[in-house]
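Both complexes shown next keep chain A, but they swap its partner, so chain B is in the first and chain C is in the second.
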Partner chain A sequence: MASKPSLWPLTTLLHRRTVSTLSTATTYTPPPRIHFATRPNPTLPRRRIKVYPPPPGPLTTDPISALTTAQIKALDPSGSRAELFSRQNPQAIRPGDIVYVRRKNGEPFSGVLLNIRRRGIDTSILLRDHLTKLGVEMWLKVYSPIIDSINLVQRKEKMARRAKLYYMRKPAHDFGPVRGIVSDWVRKSYAAKKGSADKASQS
Partner chain B sequence: MIQLKSMLNCIDNSGAALVECVQVLGKKRPATVGDKIVVVIQKQRSLGHDLSAAAQAAVKVRRGDISHAVVVRTRKGYGRADGSYIRFDDNACVLINKTGDPLGTRLSGVVGRELKKKKWSKILSLAPAYV
Partner chain C sequence: MPPRISLAHYLRHLWRNPCPFQPTQPPDLANRCRSFTTTVPNAFGNRPKRISSSGSPELLEGSKAAALERKRLATRPGVLAIKKGMTAIYRPNGRRISCTVLQLERVQVTAVKTRQKHGYWAVQVGSGWRNSQNVTRPMLGHFEAGGVAPKEHLREFRVKDENGLMEPGTTFSADFFIEGQYVDVRANCKGHGFAGGMKRHGFAGQPASHGNSLSHRIMGSAGQSQGGGSRVLPGKRMPGRMGGHRVTRPHVQVMKIDKELGTILLFGPVPGPKGCTVAIQDTILGPPPAIPEATAAPGESAVAAA
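Then we have the complex of A and B:
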C-alpha cells in the first residue's frame, strides 16, 4: 500500500473510523481501483494500431471570393484600377463622366460612361461615343491585362441621378461625340507630361 | 442578329439606301458582322431631278433588285475574345457581287473590325473608320 497522503478526504476518514470500530473479524480490502482487461492470448505480440495525423482542413470556407481576391491581386497589384471604381473613393469615376481607355494593342476608345457593372474580376464599364455620326457602345473589362490605362477626361458637372444612364441613348439626352473634348485632354496631358519631363531633365 | 425581314442601311454609294434581308448565307442562324446575306433593295437613294446621265448610270441597283451583301454593323452587338463587347446604333451592310467585290466605290460610316478576320479587307480598306 502506498504511503498515507498528508490530507485524507473526509469521507475516507469517516469510513475508516466506522469500519475499524465495528468490524473485528475480517480485514477490509477495498476493491482494486483500476481493472486491466486481460489479453486473450498473452503469448502473441501486441498489435500496434497506427494512428494517422488528421487530414488538413479546407484553406478557406469561401473559395469563390478567395479566388476573386487572388485574381484581382494578380491583375491589379497596386490596387489603382479598383480604386478608380471603388464606391468608397470620392475621386472615383462615376456614371456620366467622360472616360478615355488606352489599350495595349489597338485604338484607344473613349466615351461617356453609362454603366459600371460590378462583378468581381469581371467588372466592366459601358462607354458610349459617336463615330461618324453614329452611336457606338462598348463594354470593357476593367481588370483586363489588354487595357493599358483608364483615364477620367471630364467629370459630369452635376452627379447623375441614376446609376445606369440608358436614357442617354435617346436623342434628347444623347451627349454626342466626345472626340473634341478627348483630343483636348490628350493634348493637355501630353504637354503636361512633356513639361514635367523637361523640368526634371533641367533640374 | 440579321435574319429574314431585317432592315439594314446600305452605306455605300451603289444607289441603295434601305435593304431587307431575305436569306443568311453559309449558316443556319442570324447573321452578324462579316456574314454574307441576300437582300432586296427597298429604298433607293434620291437621285435628284437634275442629275446627269453619267451620274444616273453610276447607280448600280434599283428598288426591287436582289443582291448579295455583307453585314458591317449590328444593333445587337457581339462579344470579342478579349472580353469586350461592341454595339452599334443601327444595322448596316455593303452590297457585293457574287465574287465578293463591293458594288460601290465609297463607304460612309464606321464598320466593325471583324471584317478583317472574315476576309473582307477590301471593304475594310474603303471604310472611313472601324472600331
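Then we have the complex of A and C:
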C-alpha cells in the first residue's frame, strides 16, 4: 500500500516564494539596540579608583579596662585598698572574716564578710550583722571616696569553703551580732594608737 | 494616507545619549531644589503659593523659609561612636554616677550636603573601616571623592547652616565635645524578637494556679463584643516584634572625655547592645555649647568645594 504523497515539500516552496515576492527596498531591519549604561569607549580599561589608607585606629579596643585602671589609680593611689582584697595577697580579707568599715559621714558598719563582688571600679563587699536581733546586710563600694577605712577585725579560723557565704543567712549558720568582738577590737586599736602616740611624743 | 512619523531623529538622539531617562532640564539649576526656598523664582512651579513672602520686605511667619529658620537644628555635626559598655564615676562627696563608655573609631567627614545642590545643609560622617574588596565600585568612588578610606558606617548629621559644614576628610576626635555639655544620643535599641504581651506591653498575665489551664502569660481578652464595635479595634496592643528600632535619648550630659583612648563617657544608659554604633550630636533641647575658638571648624572651604 503506497502512502499518500505528502504535500509538505510543496508548502515550503510556497513559503520561499512568498519571501521572495517582497521587494528588497522594504526589507526588515531591527531597530538599533539602546544601551542604557554604556561607557564612551568600552574597549579602554576602566578608571582606576584610588583607595585611601585609613587613619590610625584607637589605641585599644578595650577602653573600659584602661579607664578602670586609671580610675582605681586616682581613687586608691597607694594601692592599699586593692591589696586588701587581692586574690594574690595571703593577708587579704577573705569571706567569713569580720570587717569594720569607717565612713566619712554616718555611723561605721561592721559585720561578717559574705561576698566580695569584683567588678573593677565597682568592686563591693557584703557585710552581715545583727542589730537589735534583726539581721542587716550592707553592700559597700570598696573604691568609693566616702569610705574612710576598711579594717580586718577577726579572721575566720578555717578558710571558708565557698566564695559566697549565703548559707550564713540560715539560723543554723548565722554568726549573730559582731558588736562585742568589734568593740573589743576598737578599744584595743585605740589603746595601741594612743600607746604609739605616747611613745612617739616621749621619744 | 496616515501621517508618516519619522523616528530617525529620536533614535539618533538616543544613540548619542545612552540614557534615555535623562530628562531635559532647564538651564536654571535652582529649580531642582524643590524644598524650603521662597527666594528662588518659580520654586513651586506655576502653582500659587499659599503664603507669598516674595512681595513683603520681611520674612512672613507662615512661609517655609521662616519655618526652616525656626526649626531646631544643631549648629555642629555629630559623631559616630561604638558603645563599649558601662562604668561608674565617683564624685568626691561619695556620689556614684553610672556612665556609658563610647569610643570613636576612625571617624571622618566623608561628604557634605548643601542647600544649593541638595536642598539642606548636612555633614555625612563615616566610621570604621571596610576592606575595599568588599565595597561596591559606586561607593569606592564616593569615598574617593571625599578623600577618605572606605568606611563601615555612614550617617548624615543635619546642621543649621553653612557654618556647621566641615571639610571632607576631617578626622573627629573625642575632644570634639566638651565635658559637661549636653548631647542627643541615637542608636538602634536591643532587639527582643517576637515578644509576648507581658514583655512587650507589661500585661499582667493570669494566675499561676487555682485551676488556670494553659493560660499563664497569654493576652486574655482582645476587647469588647458587639458593644465595642464587633471587631478588634485598630492599634490593639498585641504580641509582636519588639526592639531593634531607633531610640533617641535627648539632653544627656557628657561626663568625661579621654582624647588618647578616644572615649566619651555619657551619663546613664544608652540604647543598644555593646558594640553597636551610636550617633552623638549637640542637643537641640538647649543652647549650643560654648566651643573654644581654637577648635572651631571652618565652613567656607567646605562650601566652596560643594
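The rule is simple: the second predicted complex is superposed on the first by the 144 of 203 C-alpha atoms of A that agree within 3 Å, B and C clash if a C-alpha of one lies under 4 Å from a C-alpha of the other, contacts with A are read in each partner's own complex, and residues count from 1 in each chain.
Here is the rule we go by: a contact is a pair of C-beta atoms (placed from the backbone, for glycine too) under 8 Å apart; a residue touches a chain by one contact, two chains touch by 3 or more.
Please read all numbers here as calculations on a predicted model, not as lab measurements.
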- Message: Once chain A of both complexes is superposed, is A:59 in touch with chain B (first), chain C (second), both, or neither?
- Response: second
- Query: Taking the superposition as given, does A:186 touch the first partner, chain B, the second, chain C, both, or neither?
  - Reply: neither
- Look at A:109 in the shared chain and tell me whether it touches chain B only, chain C only, both, or neither; answer first, second, both or neither. first
- Message: Going by the contact rule set out at the top, does A:121 touch chain B (first), chain C (second), both, or neither?
- Response: second
- Query: Which partner does A:38 reach: the first (chain B), the second (chain C), both, or neither?
  - Reply: second
- Touch check for A:144: first (chain B), second (chain C), both, or neither? both
- Message: Once chain A of both complexes is superposed, is A:82 in touch with chain B (first), chain C (second), both, or neither?
- Response: neither
- Task: Report the partner of chain A that touches more of its residues: chain B or chain C.
- Result: C
- Message: For A:134, using the defined touch cut-off, is the partner it touches chain B, chain C, both, or neither? Pick first, second, both or neither.
- Response: first
- Message: Quick check on my understanding: which residues of chain A belong to both its chain B contact set and its chain C contact set?
- Response: 122, 141, 144, 146
- Where on chain A does chain B make contact in their complex? 107, 109, 122, 124, 131-141, 144, 146, 169
- Item | chain C-touching residues of chain A, taken from the complex the two chains share | 31-32, 34-38, 49-64, 66-68, 71, 75, 104-105, 120-122, 141, 143-146
- Item | chain B residues within the chain A interface of the complex | 73, 77, 82-90, 108-110, 128-129, 131
- Message: Quick check: in the complex, which residue numbers of chain C touch chain A?
- Response: 11, 14-15, 18-21, 84-85, 87-94, 96, 101, 103-106, 108, 129, 132, 137, 140-141, 143-144, 147-150, 171, 258, 260-263, 265
